[in-house]
């Protein structure tokens, strides 16, 4: 089985049920998620031996986070136990014209207060082919950025392919700081993943003629952004998701990939949304899987886009779909007919 | 803080969860609501010192109704305690071609059996700028109509602005009776709010060329209705909501306002509905708030319409949104993108 | 009261709540359903004295299945008690591009292991006007196919009208076996019901120019299929449902009927789906009811289609709607406006 | 199958889940129950053809009440449909030192506003052996008391055995009024059932030396009460339940019966309570069933007491136990060992 | 209405439903509580005008904490809004031999990072008779201890009675630090409340001959402790709760009070526990209320003990009982009989 | 890490929530469990590298069973995938005098239809110290009994310690058949575990003077049984659980062990039961763990008994407790005081 490693934070996600607002909630659904953990679960679902690296407290809430990963087949043996708390995010699901809302309560989490000594990358990368992180990980603090850099260097030494989802979070750091830190890390990255805003937020690279709020997407603009990213950092692949936000309930979805030579655009999907969080991560995981398996470029972008389209129909951060389901949709069957 | 008072009935709302029909229900969600209470909660959410006046039994179900208002910041000190029961309405949520259904069980409620002695309007109106009621309140019985008249007179003496949502309910009284009683009360009213049917049901004023069931809306017809209402009763403002009912799941939504001189039409919204009940009340509250705050006429109708558009995405009668959220939508951002 | 009998299997349906996938589920909603049971409940809801015939174990799970029918007014006195288990099906509700999924666990159920001695058709058919079964019943095993044949013969002797929904299930038998067995049974059938695939699966009769996956429906093709079915078996009526599958969340829906002379097409509906299972059964029940009541052909197909359109908004297998509701929709009011 | 009829009110019971207080509740469990309906369900569970007579509104809440009875096999064909509302009672479950609390909202219910014309006792009593009502029924109003009297007379003419549970409710009528009305009705009653307070409340007959609040029970006192009741009204049987209230969570339970000659005392039970409501009704049903089946006096009182002991472990008003389960406990096996 | 103020932290309480362990939980019940907030709610329930002082973030989770207090009538106008997070505690309910478990996640909460400028005690204490805090408040940090000291001085200047529940929390500070800080604060305290361990943990004052784990309670030992506390700090009243821990499900409960002259012991209760958290706070609130109302010493200790006995039957931190209920139990009726 | 293997069936457990009866249930809690799987989870919770061996279908319900084990750290790599169905058992929780009820629906499960080729015991036993099965496994069918025998022989060859819980199930086989098959298997067993009935049911070895139903336990009788078992099969250890069934809610619990020389009796516990199923399995797991860790005999029996005492407070089949918790109780702290 092919091995992959992802590194980052897994948080406790607390969400009112259905469409209740925070101030109406008497219960919270308690699941766990985070950019890199979501990717690890997806890879495990596709049959990859995926390991997630983080630090979590020894108490039961930390254990529950570990168990949420084990349940879906992720290898958790490289998770360091210690520190004080599991980061939390509160999620309120939007509908129609009312947007979803996220309240973060992640400061002081075990991973945000981790040190280099917490991780032995030589052991972690034993037999591994792929390493993935996102822009959230180094944003957790200078200490974590350093650990991330250490991981990248260790991976590079072993010829492990490195992918990074830019994933800019303005609550965690400024655009300037993000640009500096990510600029250094991206030197080690092979495959760069971004959504329609990240390239601009992190590196000031703009997609021409695209008004995200209005849900307009301009293909030529994205090609330009992908080429700029590739040229600046020498990525072997740049993939960009193209979300058209009609409302909180309905989105258009597509993606493109540039491999330094050609531009590949996926089919587009009109999605009725069950749970939008983790949409980008599911795309990244699809891209990683199909690349690891040696798919053709067009098949890679179709697989990644179909995988993330399906994610929008799944409750929770984790994309609970299998290879057959993704392939069926990527192959063109979007009719949603009952499978008996 | 500006003060406003609303007067009417708050009922226990019993609704099967999700899309279950009444005869399938093993549990009922228990919330509280009613036209004027809904307006009070909205005003409190917008930062107005809103007081709700009614009568409720002393027992725990009455107390729970009081608490539902206190929780969201409504002043409940003018609620008289006594009488036998809290009115109830059962609500079954519709979907697609199946309409929502309401079964009323409100006869004999404390407010419906209240007397003039239960309310001291001099105390209630101390420092108040605005008084609001709907056509449901006087429809509860002749005694309540009289109390309502007394409140209107007391308000008028203090130069309190009075608004009324016509809100015709055919289970409570005939069109003829409604026309008589509302005709008298409307003499005191400054701001009249109505939906696409009320003017016709209560006062026989028809919107030309509009077939409500078919979801067609004719602007010229509504202008005519607004003008007729304004001319007959001397309202300083008439506002009419324009609902286009595509199905129980999808509605178009817009509104217009006439200030005796000009007609102002809001933007239109295509809504995917979470909970349709209280839609009109949230419009009235938006209108009252933006008028109290001195908004320009076009901003008033945009604020009121955006507020009520958002209400359709909120579970329960109460419109749990804040000023910033309404302004964002009224300002044109309907994309529903996640707010992190 | 007019009497009807249906014969088949009722299963325990276990479904994760909302849109959770099987592997996320910590609870299952437990309801009961099955093609012929669903028809019986619909008929009872319409005021027909409907009796459901099956075999169920004596234990409490068997009793719960009986109770689920009694609750909605179905006569259960002809249900034989005995055998080992209630058949089960697991249902995962799809959304958007993700299809619903059914996992069957029905082998060895009491009805699948029943014998001729378990049913006394003379008693069962006392005073009955209509007998209905579907292609699922004989597919449960040769023993059940024989019982079904016995029932058909007994019904025919009493001049009871017999309807059959072809309802092909590839997990239960091959197309070839289905064709053989159903071919014999259909000789006794008066009214044949089918969906867009059944005629092809069971009898090799193809609808020209129709790509079901793509959601395209071709009227001329269906007319041809209906005529072929009618010609081969001498059905007095053939009715075919025409589902256009946009996604798991949205379907178009219509139907047609051929009475040996004319073709009648219903209005079409764009449905937002709450629960798709039992859609075909609700159509059959609407067809049987309106035929029993002597409706005109066009009214029959409109009633049956409107009834099944409404089913898609109801949780569970059973179509919990009444005659007035169906007629209102069949009559053209699809606006979904709140019924107070 | 032996036939029995009970007559009274069935109410919608709204109860917060678990041990939540009314003012904490966001949902209510919605079940249905009432003294005589509870008896009818028990009898149906024991295999008696039990019919429940009442009046219920035509709307869906009325229908849900009907369905709650049909589900458990009660014959509902003698229920008259009409009137305005289903009576409601709110139930808060107590624990330890905190008592359970009931808030009634039953005024104006369909049965409370019924007239003699609503019931045709000749049809209702066709083939019936036993008629049961409780002191709640005539307490609903003079009209209902008259209907009750009419029923008693019709039953007596047909030699139907009549049982009555005194069941005094001080919210419905005064002790004096109860004494007058019940005194007349009891002239027709054969079997009288009472709890430790009823005889005193309704007829002023006191159990000597018994302090109910303190949980003390004095056998000699009860014998005296039973004899007084029997002597005054000529009952063939008087049965009294003996509840020792340790706390809201733990009760002692026993009962006695007097047949005009001998006194029979049941075994005593220490019960850990799941749901106490309907405890008395389940005793009555056990008594009726075992008497109808011709049990020996000691077996009757053991059966009735064991049945009602089990009721205290069942959620809801209805006693969902079968004859085998009652007999097993009455026979002495109270160990609660898992039945595999 | 008499006015009282309490000061401290209110936390989000996240508890798995029923008896599920943390690692089994898929949902958390979300309520709010904390020593001083719990006292404020109790006082409001008893009719005191109770104000709770704290600092909470401006976001929706902070608002939900505010609303949880408003709902039950607590005045929240003195709550400062700002800071980053709401403190959290996770609660796992124990049963039988398995203890309840609390995981704190409260570091960095808004109140723990508050400054003196956040509170204007002159305004807060306007018209106030009583000020209450617990040993948890100063344990949140030196800054909060200073604010607490400032509050005590301001209260003392206005002759406001000050009560303090020692409430030692070893996760927040050492015994030594607690002794120092509390020693200074206690100089301002009039009424001291403690459980069976606090006096020892905070001040090294031991109850002779008492083995808490074994559930033994020795009256003479407690008298000695109370006297030592009173003598050292000059408290006008010392009250100590006496918990006998049989298991997580069953506790014995009693309390004593020393007023510098006499020792008063309450009745004892055997409690079957619904929710044990907040038991001590409900005792404090009962003591404060009954003292404010001028009860006799024995009545004070009976009221406080009965109030806290009832708390053990209530879900959540808040003691949702009224004066009548407490008096009924304090008066000796512990039978738990249904209140209709 | 020490390695252990258990072999048997894991079933889907469907249980109504709380104390609802089967016929009241609208939802089933869906968990997974079975004698040997329960032991594996316990061992994993104690830090043993525990592997569970079985066969499960490839579909999602099979996957959910696998995930339920992975979630709690059990190694599932030796689970063979294939076959048709996951065995099911329905569980109704009893209370007080009403016993819990189990309805099995396990015929035809994947493991019951497995063949020798499905398992490679050489691979499975790599590095393993302990092998455990129960009397349920061979009772599933002759094929499974043969696989079990093969496993025993393979284990014996590798000097793996073998434990067996007799666990007689009368629904699966007769006492005679059980005696024959188990008699052969027990020749390979080192550690024999039994409850108070198994020795009699399987081998006809009676505990003198013990009436299980009456909850009486006689120490001398058990010593005699243990000695007979040990003498007949040469077990190195025989452990017997001693359950005293007061009611479905309250049990006494203790155990004894005989090591061929001495008899060791544990402390006794009075348990208030949350979930009784898996009580015996948790005892076995405690015995295996403490034996593997080299505990002294008295400590072994105390550990095993305390572990299983705690199990009775845990929802679900799996005993979700850790070593520290068990040791604390075994060490004598049963007070259930809150752990903060």
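Chains: A, B, C, D, E and F, in written order; residue numbering restarts at 1 for each.
As a working rule, a residue touches a chain if its C-beta (ideal position, glycine included) is under 8 Å from a C-beta of that chain, and two chains touch if they have at least 3 such contacts.
The chain lineup, named per UniProt: A, B, C, D, E, F = 2-dehydro-3-deoxygluconokinase.
Just so we're clear, the structure is a prediction, and the values are computed from it rather than from any experiment.
A.B. asks: Would you pick out the chains that touch subunit D and also touch subunit F?
C.D. replies: Output, common partners of subunit D and subunit F: C, E.
A.B. asks: Work out the mean Cα position per chain and let me know which chain is farthest from subunit E.
C.D. replies: It is C whose centre lies farthest from that of subunit E.
A.B. asks: Work out which of C-F, D-F or B-E repeats the contact pattern of D-E, with more than half of the residue-numbered contact pairs in common.
C.D. replies: So the equivalent interface, with over half the same contact pairs, is D-F.
A.B. asks: For subunit A versus subunit C, what separation do you get between their C-alpha means, in angstrom?
C.D. replies: Using C-alpha averages as centres, the distance is 44 Å.
A.B. asks: Could you give the separation in Å between the centres of subunit C and subunit D, each centre being the mean of its C-alpha atoms?
C.D. replies: 42
A.B. asks: Can you work out the whole-Å distance between the CA centroids of subunit A and subunit D?
C.D. replies: The answer is 62 Å.
A.B. asks: Return the residues of subunit A touching two or more other chains; collapse runs of consecutive numbers into ranges.
C.D. replies: If we look for residues of subunit A contacting two or more partner chains, we find 18, 21, 23, 26, 67, 72, 101.
A.B. asks: Touch graph of the chains shown: is it line, ring, star, complete or other?
C.D. replies: Its topology fits none of the listed shapes; call it other.
A.B. asks: If two chains touch, include that pair; go through all of them.
C.D. replies: Chain-chain contacts present: A-B, A-C, A-E, A-F, B-C, B-D, B-E, C-D, C-F, D-E, D-F, E-F.
A.B. asks: Any idea which subunit A residues touch subunit F in the complex?
C.D. replies: 67-68, 70-73
A.B. asks: What part of subunit D is in contact with subunit E in the complex they form?
C.D. replies: 18-21, 23-24, 94-102, 104, 169-171, 212-215, 245-250, 276-277
A.B. asks: Which residues of subunit C touch subunit F in the complex?
C.D. replies: Checking each residue of subunit C against subunit F gives 14, 17, 21-23, 25-31, 59-61, 63-64, 67, 84-86, 88, 90, 92, 101, 103, 105, 107-108.
A.B. asks: Tell me, which parts of subunit B touch subunit A in their complex?
C.D. replies: The contact residues of subunit B facing subunit A are 18, 72, 269, 271-274, 306, 309-310, 312-316, 320-321, 325, 329, 333-340.
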